[in-house]
Amino acid sequence: MEAKVEDRPATTVEQPAEPKEMGDAAPSALGELKMKATDVNLWYGEKQALFDVNLEIFGQSVTALIGPSGCGKSTFLRCLNRMNDVIDICKVKGDIRLDGEDIYAPEVDPVQLRARVGMVFQKPNPFPKSIYENVAYAPRLHGLCATKAQMDEVVETSLIKAGLWEEVKDRLDAPGTGLSGGQQQRLCIARAISVNPEVLLMDEPCSALDPIATATIETLMDELKENLCIAIVTHSMQQAARVSQRTAFFHLGKLVEVNDTSTIFTNPSDQRTQDYVTGRFG
Amino acid sequence: MEAKVEDRPATTVEQPAEPKEMGDAAPSALGELKMKATDVNLWYGEKQALFDVNLEIFGQSVTALIGPSGCGKSTFLRCLNRMNDVIDICKVKGDIRLDGEDIYAPEVDPVQLRARVGMVFQKPNPFPKSIYENVAYAPRLHGLCATKAQMDEVVETSLIKAGLWEEVKDRLDAPGTGLSGGQQQRLCIARAISVNPEVLLMDEPCSALDPIATATIETLMDELKENLCIAIVTHSMQQAARVSQRTAFFHLGKLVEVNDTSTIFTNPSDQRTQDYVTGRFG
Amino acid sequence: RDQVQIAGSSTVLPYAQIVAEDFGKTYSKFKAPVVESGGSSAGLKQFCKGVGEATIDIANSSRPIKDKEIAACAEAGVKNIMPVRFGYDGIVFATDAKSDAWALEPKDVYLALAEEIPVDGKMTANPNKTWKDVNDKLPDWKIVAYIPGEKHGTREVFEEKVLAVGCEAVGGMKAHEEAGMDEKAAEKACVKVRKDGGAVDIDGDYTETLARIQSNPEGVGVFGLSFYENNTDKLNVATMSGIAPSVETISSGEYPVSRPLFFYVKKDHIGVIPGLKEYVEFFTSEKMIGPDGPLADYGLVPLPENELEALQEEIEEGKVLSM
Amino acid sequence: MTDQTASLASFTGEEAQKKLRKRHRAERRFRAYGIAAILFALAFLCFLFGSIFSQGWSAFLQTSIKLPVQFSQEVINPSGNPDAEDEIFRANYVKLARVALYKELGVDADNRKERRAANDLLSRGVDVQLRDMVLRDPSIIGKTEDVWLLASDNADALLKGSIDRETPSDRRAMSDQQVAWIDQLVDNGDMKKRFNTGLFLNGASSSPETAGLGVALIGSFFMMLTVVLLAVPLGVCAALYLEEYAPKGKIADTIEVNINNLAAVPSIVFGLLGLAVFINFFGLPRSASLVGGLVLTLMTLPTIIITTRAAIRAVPPSIREAALGVGASKMQLIGHHVLPLSLPGILTGTIIGLVQALGETAPLLMIGMVAFVVEYPTTPLEPATGLPVQIYMWASSAERGFVERTAGATMVLLAFLIVMNSLAVYLRNRFERKW
Amino acid sequence: MSTLTILAILIGLGIFAYFIGRMRSIQVCGGEQRTLHSRPTYHGYYLASLTVLPAIILLAAWGVAERPATRYIAMQELGPQVLKGTDAEKALAMSVVDSIADGLPELTPEEDEVLRKARLGFVTTSDARDVLGRHGVVLGSDPGRNVIAAADELASARATSRIMLPIACFAIAALGFAWGYSRIRPGLRARNITESVMRSGLFLASTVAVLTTVGIVLSVLFETIHFFQFVSPFDYFFGTVWDPRFATVGKAEGQFGLLPLLWGTLFISAVALLVAVPVGLFAAIYMSEYAGSKVRAFAKPLLEILAGIPTIVYGFFALTVFGPLLRDLGFNIGLDISASSVLTAGIVMGVMIIPFVSSLSDDIINAVPQSLREGSYGLGATQSETIKKVILPAALPGIVGAVLLAASRAIGETMIVVLAAGIAANLTLNPLEPVTTITVKIVSQLTGDLEFNSPQTLVAFALGLTLFVITLALNVYALYIVRKYREQYE
């Protein structure tokens, strides 16, 4: 396992001949390999949005996806829990594995998959229900709690983990939509982690939030990554630098480069990455 | 005029006894005093959103409004061109002057005022019309162009100023909604400057944009400020630092501190400002 | 099914209603029949759908059944049809109650409403604008007559007994024939009504005609006698060739414009559908359609005594239409 | 800088002020148009309601005559056998009423003409009224009791003023003598207008004073029940399928156009369809409210589908994504979020559809529901009519008494409508949730 | 056992199966619910649907087949002369058999004996008739012996069927239950199965609308073809005179020109829309942009009442109040307006369809994002300029839809036209004159005194089909327009 740490290459898709020989091993700094996308191509109708994307996501770490607008970050993220199935015209080719199991295999049930790979969206989207019900929704769906006491516990733990407990513990019956933006986003995170997903996908979770709320959520990610694997899309270089261990740079539907975050920001191997992270792009 | 440059105080509303004796003079580094708000209080129904805000905005400069979410930045900005009139429950008290003239005076026509004080919103909101029509909308409203040739010129100048001309000059008839996010935002800026407003208010104009688009718009602001006076709301300290000459920090509906941007970021006089700009807030 | 089902003419409907209601009152054993209104043609169409419980038993009609309909009926298995001609409907001309009583002749009506009238032996488009133009004794009203629309059988009677007669009287018939038409074509041309707003077709009921006269008090309307009798205070009836319409003058044949009313019974249903036979007998009893019965009260022109007896006999025998 | 001043001038100059004033005038005009539009529509509504009410309110009153009726044994049950039901059923009850009336008015029983004139004061329905009393309580036979008997429609009309006393008596439906009698009865307090319960309870009748909406109300109730039970679930299910499942494309477009088009099909064509399918093909009985309900179901289905689809479409995609993102299945998404959130819209559509169905006559014509039905239906398979049908039939009746009843029945229908509308608005507000 | 009872029992069984399914699934996973593919509730639904659905399908099929089958069996007893007869004769004979069979189960043993004897010829059949009469079976004539035999057969066949049906249903339910029960295991995709069952249910619901269209087309198509055997399509589609006359006048003597009717339909609808669209749209704009929420909550449902008033009420209103009013008005300004005219009908109909435009447009205008309004205000536009130049264009596709629905309603309207515009088919450009519409003629040709299988009546079906095709074209075009705008603006 350790042997391969050093030669984990900066995967540059522009050099397709280059062998990606990582196997299932992961670098020691990160957790073990959790998800692996191989040659993912994706079309919206006629229009191709992703081109041969190859990316690994490791446990106990945060992977950041960055890139200019419309480059396919969200699209790729949504492939990872098959949220793209919902879009009629969307067609995916390629191989995406979770713990070595192909998630696009016919026998895989996307509903079950999404319980394992949770998602938090750019705009906070709590259900128009009470705070308690928002968090209890998923455990109830999946029948995780037999008793009310268990459920109470799950709700409390999730809210504590999401750093919201203190603020809402006295008004669990208040509507979730009545919270402030940052609180709502944390509520959505609580909702997502209530079923103990193995992977958490976050699509620009902080873009609607002020710095304070952003900081809370970044801290939260730091804590969460101990137990699960996080992939986050962000527009903010700073945020990517602060929270992630690995960063992938997308451009025009292609994965240009993926590497340790520090490497990407200090010493990227592709000129486009360099230009982008230093703001000289375009 | 120059005499007062040095003693322009860091207006801290917590010290209400302090005399604000600036008159109409502006510091030499900035342009002349353009807008002046005195003791502005604002209520949404029962709830007070602004408390005794006193703020000057100077020409040929960018003033940044920063502060945590919900502190009243947008609200204050909207006072400056009476966009708050649109909200039924909103009640404003205090005195806001544009070139020394009270904009809340009964004889002032908000319609005319808004032509002089333009606004750009957080989410790009082009009209569902062609690019050309989007820009020509306001000049046509105010009857500024008698001939088609004049109109063409106004549209072209505005688009050039907004840095969009090169990208769209071949498809002025294409719908404005078909542009990318950054382009849409620049289109909205072009639309706003098409009637040569004296003040341009921008409410988080870049929060929906990627860094490249953000950079374009920041450059644009830099150029625009030569001819007009800009007030911008932003969540990003970096952006405030990059583009503005003066920065005002709001907290809980109060204006805590306003000063040169460099002073605010390096040597604020209020502890809360200090905490906020260094991210230690809350 | 324990109720007799009846469908058809809206003209016959009020009479059938009265009979049905009284039938229900008189026979404790049977429920009152259900009487649908939908027009003679619709009723006969239902009638000729076939026999059996799912089809209607009686079709009311304000005209005799046509041969083609009999054939269609037979094809669907409805072979034994008992025709019942139970009375006459008088057709009257009336104006708003506030006007003076009119004395009309068929030729006045023809000259007022026909599309073309003979002027000096030549057919020309109707030049008459007011009733006074037509006949000096009539008031100086703009010609607007509300006549039954073409879906109504009454229209046919109106054409045949008023327009055609009037046409003949003023020599229109002759003028047409001289213009080179054969007899049939001339007859057709005679009964054509003007289309410039002088003659307004009414497809609805007489209530509509009444409403129109009330909203245009210079209008002349064509009504059923029964309707007029119920609204004597709102309408002023015109005499035709000097005869005032009434139950007596019509049944004696003096008043010329009337038409027979019918209902048709499926003989095969008699005995199968409870109450059917009793209903038919009840309807044709002296008590109902006799001169003192409720139908005559309502405005039905009853059959002369001998005809009524013949009818009752026919029903007793179960006489059916010959195919 | 130069164009800045230019623009300043262009905003503050005399010319500009003039332009501005013009724009503000346009603004005021525009606003006035809006108010005028609403006022126009409301004025029309008031006008309409006013003309209906002024005609219809009197239908809720009905003139009756109080007479001491002697329930004589010889007339009702001459055989003396209390079990002779048929005899009691067929007894000449009219005679009882008439005898009482003659006595009250002092009519010469030998004068046939006078007798007939007096008879005309009583409704043709008094026999049923008296018979029902006897059947309900046979012990009444042999006694004399004060009974409020229905007056004839002409007497009623005279009291309500719709027969003009000034009309010359040869043209008036009531002779001078009859008028005098009526005045006498009214003066004695034996004749007055009482609340017309019969309007709500009686079945169809050929005479206005005994005609009522009973059968129509039951028929309308059965039909609305059928529509609610069938059209609402079917419409909502169809809308769900089309919005949530049906693959977008040519087929979906075809179905959409098809449903929109069904909304434009004249209602009588639905009647033709109902006749062909439900009566001729499935052999359901004619004139049955079940068939009426089925036809109205088909007719309202497009409305419900169209509005429900719009409501479903309005459920924000973020909620869908949220639910799917935590592993809800499609059905769970629908059951837990889509349906509850679109409920107000679905309710609106349902009510619009029901209201339309409630007021429809033409399709019922084809399936035999525009009919004269005396007996109450007890099941939806028995012959019945509906409220609009009754209005339609009364509107085309010759008797004067039906004119006010037509308007009265319309008032009943409007009351229904308003109740249903308020219910809809109430439910809409209750279920409306902000997100 | 009646069908309803069986149904009730089946539903009870379904509920039972639901709980068993749930229990079983928990049992098979040993309490470890995470190992289950689907939640226990889904196993419950799964087992319940396996138990109930096949049985209900059987019940339905039985219900459809029972009557023809038993009748067929019974009919064999009727003897050759009936069997050789026409269908109508058979049907008639069978209706007698039916009613006797209805009465048979209620007879006492002695009465049964009478009937048996009658059948064998020992007593007269009129005795049998008396016996049956006592039980409310009214017969027109004395039943024939073979009729009694057939009725006997029918009654016994029915009795058998009554016994067999519940047995068969419950057997199928039990089979389904057992099979489903045996298949419950952790890996069973009960949720997917349940969802596809429900999905099929939804699909079936959505076919109803399509079937309705098919039904409508079929129910008018044959009569239309029949009509065109009398009248040439050319005369119908391009004829300028509508004058169908009576069948007695001669076969196809009448003239069946569609154009005057089509023109009348379009003319009246156009006037109605001229009233409804501006009024409705301005009302919608006022309610959504200017009025407070209270005014809106009050005005909107009030306007909606306009759409629910029966059209005959509008019709009489137009005829007795509005038409004369308009005529008097016209008289005062020197215009000669007929009491019934395009104008009267159009205006009254326009009022009726105002709510279609106002309520739907109000919703749509409300849905235009606030950001567009602010964008416009921010540039110094007045409210009305914003509405005219930004909001209405943005809401256009939706408004087109609302107008279309209103137009549909106007085209399909009958009673108002009959009473307010009359029934004269004129080809006129003058809105002060009467015209009539297609729907009016459909109704009047169907309900008249005319011969029913003559072109005069059949033309109603042709008109219905024509109108159907016209509105279809209109809808397709509208969809195209809406799509076009959507592509541009979204």
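Going in written order, the chains are labelled A, B, C, D and E, and every chain counts its residues from 1.
Going forward, contacts are C-beta pairs under 8 Å (C-beta built on N, C-alpha and C of every residue); 3 or more make two chains touch, one makes a residue touch a chain.
Chain labels with UniProt names: A, B = Phosphate transport ATP-binding protein PstB; D = Phosphate transport system permease protein PstA; E = Phosphate transport system permease protein.
The structure presented is a predicted model; accordingly, all values stated were derived computationally and were not measured.
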| request: Identify the chains in contact with subunit B as well as subunit E, in label order. | output: A, D
| task | For the chain pair with the highest number of C-beta contact pairs, give its two chain identifiers. | result | D-E
| field | Innermost chain by mean C-alpha position | value | E
| Centre-of-Cα separation between subunit C and subunit A, whole angstrom | 84
| Where subunit B and subunit D are represented by their mean Cα positions, the distance between them in whole Å | 61
| said: Using the touch definition from the top, which residues of subunit D touch two or more other chains? | reply: 23-24, 329, 365-366, 395
| note | Residue numbers in subunit B touching two or more further chains are 111-112, 115-116, 141-142, 195
| Sites on subunit C at which at least two other chains make contact | 10, 38, 42, 204, 208
| task | Could you please write down every pair of chains that are in touch? | result | A-B, A-D, A-E, B-D, B-E, C-D, C-E, D-E
| Once bound in the complex, which stretches of subunit B touch subunit E? | 81, 83, 86, 88, 111-116, 118-121, 123, 125-129, 137-138, 141-142, 175, 177, 188, 191-192, 195
| task | Could you pull out which subunit B residues touch subunit D in their complex? | result | 109, 111-112, 115-116, 141-144, 195-196, 198, 227-228
| field | Residues on subunit B engaged by subunit A in the complex (per definition of touch) | value | 68-70, 180-182, 207-213, 215-216, 235, 237-238, 276, 279, 281-282
| remark: The subunit C residues in contact with subunit E across the complex are 9-10, 38-42, 44-45, 48, 50-53, 61-63, 66, 68-69, 72, 76-78, 149-156, 188, 195, 197, 200-204, 208, 211-212, 214-216, 268-274, 277
| Which of the residues in subunit E end up touching subunit A in this complex? | 33-34, 36-37, 39-40, 189, 191-192
